[in-house]
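These are the structures in question, set out in turn.
Here subunit A shows up in two complexes: once beside subunit B, once beside subunit C.
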Partner chain A sequence: MNASAMRTGIRLMAAVAITVIFLFPIYWLFMISFKTADEIYAYPPVWWPHSLNWGSYEVLFKDGDAKTVWNSLVIASISTVIAMLVGTLCAYSLARFRTGGEHLSNWIISQRMVPPIAVVFPIFLLYVFFGLVDTYVGIILLYTAFNLPYVIWMMRGYIMDVPRALEEAALVDGYTRWQVIWKVVFPMCRAGLFATAIFTFMFAWNEFLFALVLTRTEVATYTVQVTHYFGGQSNFWAKISAMSVLGTVPIFIVVAFLQRYLVRGMSLGAIKG
Partner chain B sequence: MADLKITGLHKYYGAMHAVRGVDLEIPEGEFTVLVGQSGCGKSTLLRTIAGLEEANEGSIEIGGVRVNNTPPGQRDIAMVFQNYALYPYMTVFDNIAFGLRARKTPAAEIEPKVKRAAQMLAIDKLLDRFPRQLSGGQLQRVAIGRAIVRNARLYLFDEPLSNLDAQLRDEMRGEIKRLHQELGKTMIYVTHDQIEAMTMADRIVLLRDGKIEQQGSPLDLYERPATRYVAGFLGSPSMNFVPVTLTGAAVKLGDGGTLAIDTARASKLDSWQNKPLTLGVRSQHIRRAGAELRVDEVRVMASIDLLQPTGARTYANFRLSGHAAVAELQAHDVSHPNERIELAIDMGRAILIDPDTERVL
Partner chain C sequence: MSAAAQARHPTATADRGFKLMLVAPSILVLLLIGIFPLVYLLMVSFQNITMTDMDKSFQGLLNYKLLVHDTRLWQALWHTVVFTAIALPIELILGLLMAQLFLDKLPGRPIFIALLVLPVMVSPIVAGATWSLMFDNRFGPINQIAGWLFGKEMTLLWTINPSLVYPAIIVAEVWQWTPFMFLLLLAALANVDKSQMEAAAIDGAGYWRTFFKIVLPAIWPVMAIAILIRALDLFRLFDIVWALTKGGPGTSTETISMFAYVKGFQQFETSYTAAVALLIIVLLSIIVMWALKRVELSR
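What follows is the complex of A and B.
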């Protein structure tokens, strides 16, 4: 065996080992969700359950707990769409017209640096006053507001990378400013749009603190629901893991479809520095 | 009728006054070159004509209609940009068809138009490619194609050749001029390159610090510059300037030497007697003196510092009364540097400049 083949072999083994380490918790999560109570607590551990036991999932759907995943999906999707639309237009304005001078964009990103815990209770009091607690509108509004600075900041960078002459050429050729944004700027920063949208969606999907304080039963998200299965005496591991699986699968699907934009979008940002 | 008429145009960028009162009329079908050093306002002027920049004062009329408040897309102009401005996610065909589609041209008309434009520019084999698969020269052809495919009233070129290498630039220069002859359209071309301006223009508009320094046909500006700036800007190598004093029918150099000028000319300059002037001589009007001198020529002894052969001609650097000067000699006039030779300066084609106003007398 020559040196280069050996090096390839070692690299391959390292890659497999690292992948196994990273994938193991996910594997374990999926397995627990299919195990019976005995198998969960068995020692030595059961690596592969005897039969795929769908019982935990059945309970989640029967009790209506699975609806929290739907809530998460609605909230994360709508807030992502609104934040992307509004944020990208803001970003265009900042990038092209120097709206608000030099420092407005820095101020906007600084909003994202506020620790959520510092604002969650004032917001709760406001929401009680306006009757927004435990409503779709309330939580979507909050996630949109929280994601906007991130979207604006990211998209501003991508838009600034689009050569101005491309837009000017389209203007001279008869496009309106809106057509330029839609048909020139958006296609030019498509990778950035997708990457930003994925991160925005993931923030909303994973968010816990605001959801815990601002939702009750109607629009509780799955992140909040999972915590209900940690009891004082015992933890319902099968339900915890089944709910976690339900919460993981949508993200898997989104990333699987959009990963080529994700990678390109992130590397675009990296080169820009 | 003027195709483009600009009156009293001013453009500010904050405190910077980029265009300072430009008046310009461009007749239909003319090829006008706006030329000047970087920062002289030529690109700003072009972009203001296109509507990509707003005019702060003055008016712009295209075809007799004031367009100050008309968006670029409705000014009936087509423009070629310095960095090509091609859409990377579209094929060459789609790039060229872009302007036609934006104007809702019927699909049946688009294809023949695009193909014709592509044929004119010899890019008809590249229509299915993407911009990233093309070379610089091909990209620029596509960019030009995108402009000429539209039947616009006014064609604007913003330094379209400055990203190309020298050989390609020469080739494209000829190509654009040929296109102008074939299409007969009004074209305005911005460049900082005086050779491009000289070779392509029907008319040169030379800008300096946001104002028109002089305008006219290339030979007009070359032979009868109005100011020292114009004289120095056009022509290569740049014109030689030497301070002199007018004494009788001659100019006296700083080192005491004199160069005779035509008596009729001297008498016209009577009020300048014994006053300091600047003498301007093109290197093409200095040759190695032979036994016989032509009319208006004067002899000067010079020691050659440096030789720059270009093939047919050789540039010889020397000092004229202590000031650096260049003579354009025949290839074999001088064999080696430090040779002392006698030069003949054609004073009939030399210019005299008022050093205070820098205007040519």
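What follows is the complex of A and C.
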């Protein structure tokens, strides 16, 4: 075996070891949800379940706790659609007409960085006044507002990447401004729209603090529900893991389609894929 | 593109009404979270509203004076700084090492990367829940593995013992966010000009010299953004700690966000919480303004 193959072999072993270490907690979380109570509370711990036991999930659906996943889906989906629609139009104006100059763009991205706890406190008092606590409208509105800076910032970058020539040709052909946006710009940055929407959805889906403060029972999200299973004396491991898995699987599935855009999306557009 | 060159493009100009119509809805929504909270917090922080008292009279700097002498507040701020100062460098260095490992061709490279990025996608509250399963003193695997390594039974109380809670929280935090650093730094390293590195090698520069003189300056812009994003996230650290310790034992792992939560939503000290929230905003704004001058986020 030559030196180069040897080197690759060692790197491969290191890569496998690191991947196993990073994935093990996720394996453990998933595996607990399929264990029976006896297996969960076994000492020493059982490293793999002897059979796939769906009991933990059945309990969640029977008790209605699984509805919190539905709440998460409704809240994350609607807030994503609104934020994408409103934000992309704003982004188009910023990218093409430089509306408000650099100052407006910088102000918008700085809104991304405000600390959630400082925002949610006055919002909560406002919502109490307007009766918006524990309603879809209230939490969707806040997620939309909180995700808007991200959408505007990312879409501004994607729109800037689209060459103007097609838009100009469309204008010459007699398209209205709105038609240019709808029929030329949106299709041209389809991939960017898709990637940004997935990230926006994920932020709302995974969010905890806003949901903890602004939801009670009616529209509680799965992240809030997970914490309900932590008891003072004992924790309901089966429910914690099963509920976590229900909330995590959808994200893993959508992220699988996102690989090419991950870096750009996570670096706030600083690195183009 | 210069302003003059841009003006010649028909797509670069539109009537004012159209430009503003596109922007207006977003600005309106952003004012809701950008301006309203600030104004409201400022107003309430000069009153004295508590759970038992709806005193809306002007109280001057009362709450700000309380704030200065609140040791629990400053401890919470200190905990936040400690978490950041320990977790961030570890994430950075581990991420950089992993990026180096995966930089060159490797069989199955895309699959490894796709798998390694999964922890970032998990909700932080789920990450915290996962690690509370991992760290359980009897039924969790961590004590079991520690037992094998040390050859005796381990029953460490990772989420209760004051000297173990910090390592436990930092492990969870590092587990979730090292892949973030890894992915960004991998992209940055892949863009480093290879010919420069080869030229340095020909000139007889060693590995470290090449790294510090050529690689590090080349990846620094990306590294700075990654550090900024993570630092801002760590400053508002809440979810993972909430799931693992709820700030305990006592208040020994309470972060500044958790402190504000307890004051506002459990003790209902409305006016005092407003002052704390403003303090958080001011501190964060200082960090952001300082950092944005040094980081090239826009083009």
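By definition in this document, the second predicted complex is superposed on the first by the 253 of 273 C-alpha atoms of A that agree within 3 Å, B and C clash if a C-alpha of one lies under 4 Å from a C-alpha of the other, contacts with A are read in each partner's own complex, and residues count from 1 in each chain.
Definition applied: contacts are C-beta pairs under 8 Å (C-beta built on N, C-alpha and C of every residue); 3 or more make two chains touch, one makes a residue touch a chain.
Treat the numbers as computed from the prediction; the structure is a model and nothing was measured.
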Which of subunit B and subunit C A:F97 touches, first, second, both or neither: second
Which of subunit B and subunit C A:V255 touches, first, second, both or neither: second
Subunit B or subunit C, by number of subunit A residues touched: C
Which of subunit B and subunit C A:M188 touches, first, second, both or neither: first
Which of subunit B and subunit C A:L171 touches, first, second, both or neither: both
Touched partner set for A:T217, first subunit B, second subunit C, both or neither: neither
Subunit B versus subunit C as contact partner of A:P163, first or second or both or neither: first
Touching both subunit C and subunit B, counted on subunit A across the two superposed complexes: 168, 171-172
Contacting residues of subunit A [partner subunit C, same complex]: 8, 11-12, 14-15, 18-19, 22-26, 28-29, 32, 40-45, 47, 86-87, 89-90, 92-94, 96-100, 102, 104-111, 113-119, 121-126, 141-142, 144-146, 148-149, 152, 157, 160, 164, 167-168, 171-172, 177, 180, 202, 205-209, 213, 223, 226-227, 230, 235, 237, 240-241, 244, 247-248, 251-252, 255-256, 259, 262-263, 266-271, 273
Partner subunit A, residues of subunit C touching it in the complex: 6, 9-14, 18-20, 22-23, 25-27, 29-30, 32-34, 36-37, 40-41, 44, 98, 101-102, 104, 106-108, 110, 112-127, 129-134, 136, 138-141, 144, 175, 178-180, 183-184, 187-188, 191, 221-222, 225-226, 229, 232, 235-236, 238-239, 242-243, 257, 260-261, 264-265, 270, 273-274, 277-278, 280-281, 284, 288, 292, 296-299
Residues of subunit A that touch subunit B when the two form their complex: 163, 165-166, 168-176, 179, 184, 187-188
Of subunit B, residues touching subunit A in the complex: 50-52, 71-75, 77-79, 81-85, 87-89, 98-99, 102-103, 146, 150
